[in-house]
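Just below is one structure, and these are the notes that go with it.
Per-chain numbering from 1; labels A, B, C and D assigned in written order.
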Amino acid sequence: MIDLVVQGGKLVLPDACHSADLAVDRGRIVAVGTSATMPKARRIVDARGHYVLPGGIDPHVHVRWPFLAATTADDYASASMAAAIGGTTTLIDFAHPKMGSTLLERVTNRRAEADGNVAIDYSLHCVMTEGVPESLEQMGVLVEAGVTSFKLYMAYRRRGIMVDDAALFSVMRHASKLGALVCVHAENGTIADAHEAQFVAQGRVKAADFPRHKPNYVEAEAIQRAIFWARQTGARLYIFHLSTADGLSLVREAQEQGVRVIAETCPQYLLLDESVYDRPVDGHCFICSPPIRSASDKEALWEGIAQGVITVIGTDHCAFTLEQKNIGQNDFTQVPNGLPGLETRISLLHTEGVVKGRISVNQLAAITSLNPARTFGLFPRKGILAPDSDADIVVFDPAREWALSPKELHMNVDWSPYAGWKLQGAPVTTISRGEVIVDGGEFVGTSGRGRFMQRAHDTSRVASFEGSF
Amino acid sequence: MIDLVVQGGKLVLPDACHSADLAVDRGRIVAVGTSATMPKARRIVDARGHYVLPGGIDPHVHVRWPFLAATTADDYASASMAAAIGGTTTLIDFAHPKMGSTLLERVTNRRAEADGNVAIDYSLHCVMTEGVPESLEQMGVLVEAGVTSFKLYMAYRRRGIMVDDAALFSVMRHASKLGALVCVHAENGTIADAHEAQFVAQGRVKAADFPRHKPNYVEAEAIQRAIFWARQTGARLYIFHLSTADGLSLVREAQEQGVRVIAETCPQYLLLDESVYDRPVDGHCFICSPPIRSASDKEALWEGIAQGVITVIGTDHCAFTLEQKNIGQNDFTQVPNGLPGLETRISLLHTEGVVKGRISVNQLAAITSLNPARTFGLFPRKGILAPDSDADIVVFDPAREWALSPKELHMNVDWSPYAGWKLQGAPVTTISRGEVIVDGGEFVGTSGRGRFMQRAHDTSRVASFEGSF
Amino acid sequence: MIDLVVQGGKLVLPDACHSADLAVDRGRIVAVGTSATMPKARRIVDARGHYVLPGGIDPHVHVRWPFLAATTADDYASASMAAAIGGTTTLIDFAHPKMGSTLLERVTNRRAEADGNVAIDYSLHCVMTEGVPESLEQMGVLVEAGVTSFKLYMAYRRRGIMVDDAALFSVMRHASKLGALVCVHAENGTIADAHEAQFVAQGRVKAADFPRHKPNYVEAEAIQRAIFWARQTGARLYIFHLSTADGLSLVREAQEQGVRVIAETCPQYLLLDESVYDRPVDGHCFICSPPIRSASDKEALWEGIAQGVITVIGTDHCAFTLEQKNIGQNDFTQVPNGLPGLETRISLLHTEGVVKGRISVNQLAAITSLNPARTFGLFPRKGILAPDSDADIVVFDPAREWALSPKELHMNVDWSPYAGWKLQGAPVTTISRGEVIVDGGEFVGTSGRGRFMQRAHDTSRVASFEGSF
Amino acid sequence: MIDLVVQGGKLVLPDACHSADLAVDRGRIVAVGTSATMPKARRIVDARGHYVLPGGIDPHVHVRWPFLAATTADDYASASMAAAIGGTTTLIDFAHPKMGSTLLERVTNRRAEADGNVAIDYSLHCVMTEGVPESLEQMGVLVEAGVTSFKLYMAYRRRGIMVDDAALFSVMRHASKLGALVCVHAENGTIADAHEAQFVAQGRVKAADFPRHKPNYVEAEAIQRAIFWARQTGARLYIFHLSTADGLSLVREAQEQGVRVIAETCPQYLLLDESVYDRPVDGHCFICSPPIRSASDKEALWEGIAQGVITVIGTDHCAFTLEQKNIGQNDFTQVPNGLPGLETRISLLHTEGVVKGRISVNQLAAITSLNPARTFGLFPRKGILAPDSDADIVVFDPAREWALSPKELHMNVDWSPYAGWKLQGAPVTTISRGEVIVDGGEFVGTSGRGRFMQRAHDTSRVASFEGSF
């Protein structure tokens, strides 16, 4: 008698979809097979007519993240519950930079916030703001402890987190030795600040001015430079929230030349375009960095996914309430940057990607689970429906039609960039390490059951394998 | 009670290796899981310490193929037995061109030779020598009948099988509409013939002269031209036996531009170099077309596999006996072209590829099984270890060391290009549609049990999915 | 007392325009200087307000060229007179292939036609149709005799002049050793013939069908292949009448890679587009090979000139009368291919190129005189206004406005592709080796005064110098 | 009776060499012609057996330039005399940045130093260190006054002259509007400083350590970034002292894409390699920025000249005495950076370039005179031997063999990087605006005769013409 069988679904595996059942026991998948071969189970999850996806992994989440005077509204309990309902069973957040604290302390402090509160498994990227020897040394300790990715901001000088090329270089050089991953927010902060100052001086601070003060080149130059240093140092590089066709071209070219650069984009860059900033009432709510771009950038990003240049979709979940957003209703420089998105990722991508024929459902699983797992050292424990992997499973109804209503969402905010959108497809059941935590769309799990995941480093072998298709 | 369980092996799946058992019933795989979950079975195949590979697919085999005065020595019985022993459970041969016969007749005749004799599953490419309307019409009939790939020779004018650009173009244009695959022998026959005539006139006809009369450009120009027409017509193009770095560059560039071109190379181009033609006694035995190339071409091809530009390894199995080869001992123009290789493919690639760290074992499975299955419309029936797929399974001992001796091989020839080589890794058990046909390295199957496989066309969806990694 | 001074004009030199006078004596330029420095002269040519151009060189002229049943209408007397009036002082025609004659005989015969009749200096390309040893040997003799360029047709199989790759290769390889230039008509004749046969079978033989039966790829493939062999053999390659954007891209890429390929286009490809074939009455008159292309190809060619990828403008002057053209009024396969253009080249290019700002007047001089001189071994005797060069000089009025009327032209035909066009700029005075042969637009020279020009080979040094800007 | 005739030489013109005489009157060239056509002249300069070059233009000269505690040893009198002896008749120096002074004041002050002292014509680049509105406004005033190029340092933060991307961007954007040229010292100062600090901390401060602390990527990244901003802003960009193959590739690629980027290199990067830093006694003397590079970089730069990617050779003349250099004999951080070179440029390039067959003598004239003239708005007044141009003429003996001895040079320093080198070719006579100022290798001019040259802006038309060859 095993714990659970997922019955009658269409398993979404990397190579294809296969009609088969999944057997789950003691938190792990124990068999993939025909119904006739399934052991008896205490519980049957009916997946007939549904896809069975590997649990989503969102590698780009900000919980209680400070920006200007505001702090994002979600705590680990609410964020992880929303994630689970949306089909995500692992999230990766950030250990924040804090003056006077060491990298290790930052990770420890952040884990203290999460452990006991988080409902799904999680991990942390460690934010770095300089490349001094003490920090480099701690990188090694963290890698041993399973924190194998480090984030650097190429913008936000005034917030004190922007790195210069020297820091970027020394962190990359050291990461290359450690087999760690260097992740960047790629915007040229010097130019962005200068443009902002000029716009402020000219009184051009409405929401509609926001995207104009950070043209595509603000991102593209930073990507070009980050790639340059990755090539020189041999570091593996992860580009957060790629938003432009120009940046995409640079990534494609670098990959073709053998530079190990991985690109992420987010649903907001795939689904919206810059016209949102012209919306009279809530244009300012869409302020995030990089800005939402043109319709042609959007199409280029879909193409980048189809071609395998962009391999990961994170959300950059950064949930500010309307009240927080409204501080800057008439002044974009006062708006806390960021959009909520953790809960809606998979349904949005299914609707706009799979239903519209831009990607296959296998690609959906790859960009939301398999590829993040591989990229961040969670594979094969996460990211795949295979014997001995964690039983992180999502039963997904591809036919369900629904209208997105902020009120019915579970993120701790009162609005959504996609309010009123008609969607097709929704998670029905979410299973985390063998436990059903979402049933019929309702959260039935418990806060604090989630665990911190130690992640592997030096995944270069896997990387070169990925390249072999 | 099911038919069979493969127990304790390491399953080589596209994404990774997973330790799990395989349950087999009525010719199909029915479950992949932990031992505890396996149903009772009439037979247990012990795979402990071994890899479990999807059965090999060799898409490039010549059985009883005429060349000059000779005909290859293998018949379907001997060839398919040798294939099975070498870990190959599906082969694709050719329906020969014959004057006065239609394409359909050629396929029918060829099936009559194979059916009742072949020990493993098989299919046929249909060779075309012109692009007249009658032939184009029959292409459609064949595609409906599951013969979905067509081969054209860009060389061999004197043998009457060389096509000109007009035929190439019209076949490609029609194949594009049908969703069929166009496969080419890419050598510029006009140049090759002219060079041969010049060499003959100069008395330069020794084995050592052979590669010099067909320099790399003889291949590269033909590849460039075939790609040109594929781009124009939208046809999917398969390059048989890619042998040069120059050709590889052209394929890479075309793939980057979105042309659907698939490249195959063969073990002889990965393991040997042109110095074989200088061997005093048997240099002439190595004569095949295209010729074995330089050591640097060889390295480029391995790189091409690692990067995913070359995705298939066929053998171009074309087995002539020493007696047949010796006709041209002192005159390369009299040597029947071709090398035996059907039986040794997987062990050679394991030894030189996996053991030496050039490719992963997952890539080995991809290039010998998964990718051929996808390319030629056999997936997911073949090419993958998954529920409901054919139980074509090879238990492979990666540690076994052995010396290759022609006498101990089962192909119907008395020599091997690799005689005396030290190999590591060998198939132990081969299962075809659930039936153990090789046990402990011995063939225990029966001739005639193999079946003709109808193959799918229009695999474009799969193709774009492949590109998504 | 010298022969002549050209006074007060704006000299069009490679680097810039300089206001200066030209002194001419005994057929040569003897000084370039201010008026104060000019020696006394028997004759003053007033060039005030005018450009002073180096005499035009047209490297692509067909005099009495047979095509189907017709032969072009111009003889050397009429053609060279028209050339002079149009500002061209040197033409290069072709020694025709004729069955049973040797290359040397062909050149000798052709010279016999020209000498005594031609009014300006001339030279010949030698047409080759095969690459047999006897012909290769004669190439060497011809190069020594100053015939340093050889033309090969990659099309026109039925006219017996199409070469296969073997001939192309052997001629290129030999030309590379001789320092000779290989010139090609780049259309894939195999495809063109097959397409024509198909169109004929379908009854699609109107003028409007003509360009459709030779799509851009008919040219592009041939260019790609010619470049391939030029790269392999090291030959310098000249592409006649480039007409497509696709072909241009291939040339650009090859040049960037260091292949010595020189591209010519013609006024008809720069000024007309394929809509001419839809003209109800005279659409068939515009039939030439390659066909006139789309408007976007046209723009690409101008861009190619501006970027220095296309460096020569020839005319492909091939003058058939309306009567000759009308033979195929309803059947494009019966129309002799070719357009008249020798007389109108420079004025047309001035109007559409210089006046419209697409090229500078220095570029006009470069593409019509300096570059042809360098490319074909006539420099520095021709192509430049410098002391000791031949006094081939054109005084050109850039302001003159006129309407092109076939009746007022001097080519031996009764129509023009540009009838009724409004032009700006016209030659006023043409001087050939110091002799005024056109005065106020009237021909005042004599037939037979033109001389055969021996041309230099191995201009590789010059070629690499060109590349240095 | 005119002032002067240069008789019997071989004029080095852009297109070729022509044997002709030059007539000079009232400071200008008045005729180019055969001897027979020359007017009577008060003075004959015998150029038989010699080249006649357009007077050299050195666009990269530092007179009395402060670096650390030192100031370069040459004043305008000594520098311009040495230049003249070396065949250079125009130099472009820099208006230094000085705290508290405006751009206009800097130019005025610098002119006050030069006027009355300089023996040849000169101009100034204006150094900028920020992009504030006041400075941008003054750029416009300077452009009107003929100072049309502006230099920015991407390195040297501690010297207070390094610009950040915001300054670079705003200057480029404004220059684009003004038709001004933006010139950069392209080294990533942030990385260079960090590397220097690390080397100092590790005690690696010998001369041999110098090049290692500024690897090629220090230059390449800065070039990549400068090109990025040039592409975005449309500015014309001039790269001073390109030293690496990596940088060259970036420039080539940008030019191919239509970015208007012009590259200069200097003799030291073409003639020396990094082994100079290993010289036991005087290795530190070779310290300059960027450092001398590897032998393969050196070869790449020659290739870049031959291909026309690098079009200008300046000297970066920055003459420190041995005493000044020796301050840092054991500590590279204390060595004033820079090498003397103004006097030796043309003879060195003739010896290593023309005599060794790497470039033609026409290219020599192009890179030392014609191209600098065009690039910096001095053409056609300077840079060409043509009627009405300034009579800046150098009679150059290509056969003269001599050994370079610092004692016999005229720059105000007591050493040379090339001491003891065997050279071939030397200027014999230098004529500046019609006045012989060097005769038989001896300076016979006067200090203060040189004039400030107003330079043209918006040379885009010329630029696109250059591209047409």
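List of remarks:
By definition in this document, contacts are C-beta pairs under 8 Å (C-beta built on N, C-alpha and C of every residue); 3 or more make two chains touch, one makes a residue touch a chain.
Note that the structure is a prediction, hence the values are computed from the model and not measured.
With contact taken as defined at the outset, there is no chain that touches subunit A as well as subunit B.
To find the repeat of B-C among A-D, C-D or A-B, check which pair has over half of the same contact pairs by residue number; it is A-D.
With centres computed as the average of Cα coordinates, no chain lies farther from subunit B than D. Centre-to-centre separation between subunit C and subunit D, using Cα means, comes to 41 Å. Separation between the centroids of subunit A and subunit C, computed from CA atoms only, is 62 Å. Distance between subunit A and subunit D, defined via averaged C-alpha coordinates, is recorded as 52 Å. Contacts with at least two other chains are made by no residue of subunit C.
Annotation, chain-chain contacts: A-B, A-D, B-C, C-D (touch as defined at the top). In the complex of the two chains, the subunit A residues touching subunit D come out as 164-166, 169-170, 188, 190-191, 193-194, 217, 220-221, 224-225, 228-229, 232. Those residues of subunit D that touch subunit C in the complex are listed here as 2, 13-16, 18-20, 23, 25, 30-34, 36-39, 256, 305-308, 311, 359-360, 362-363, 366, 370, 379-380, 384, 386-389, 461-462, 464-469.
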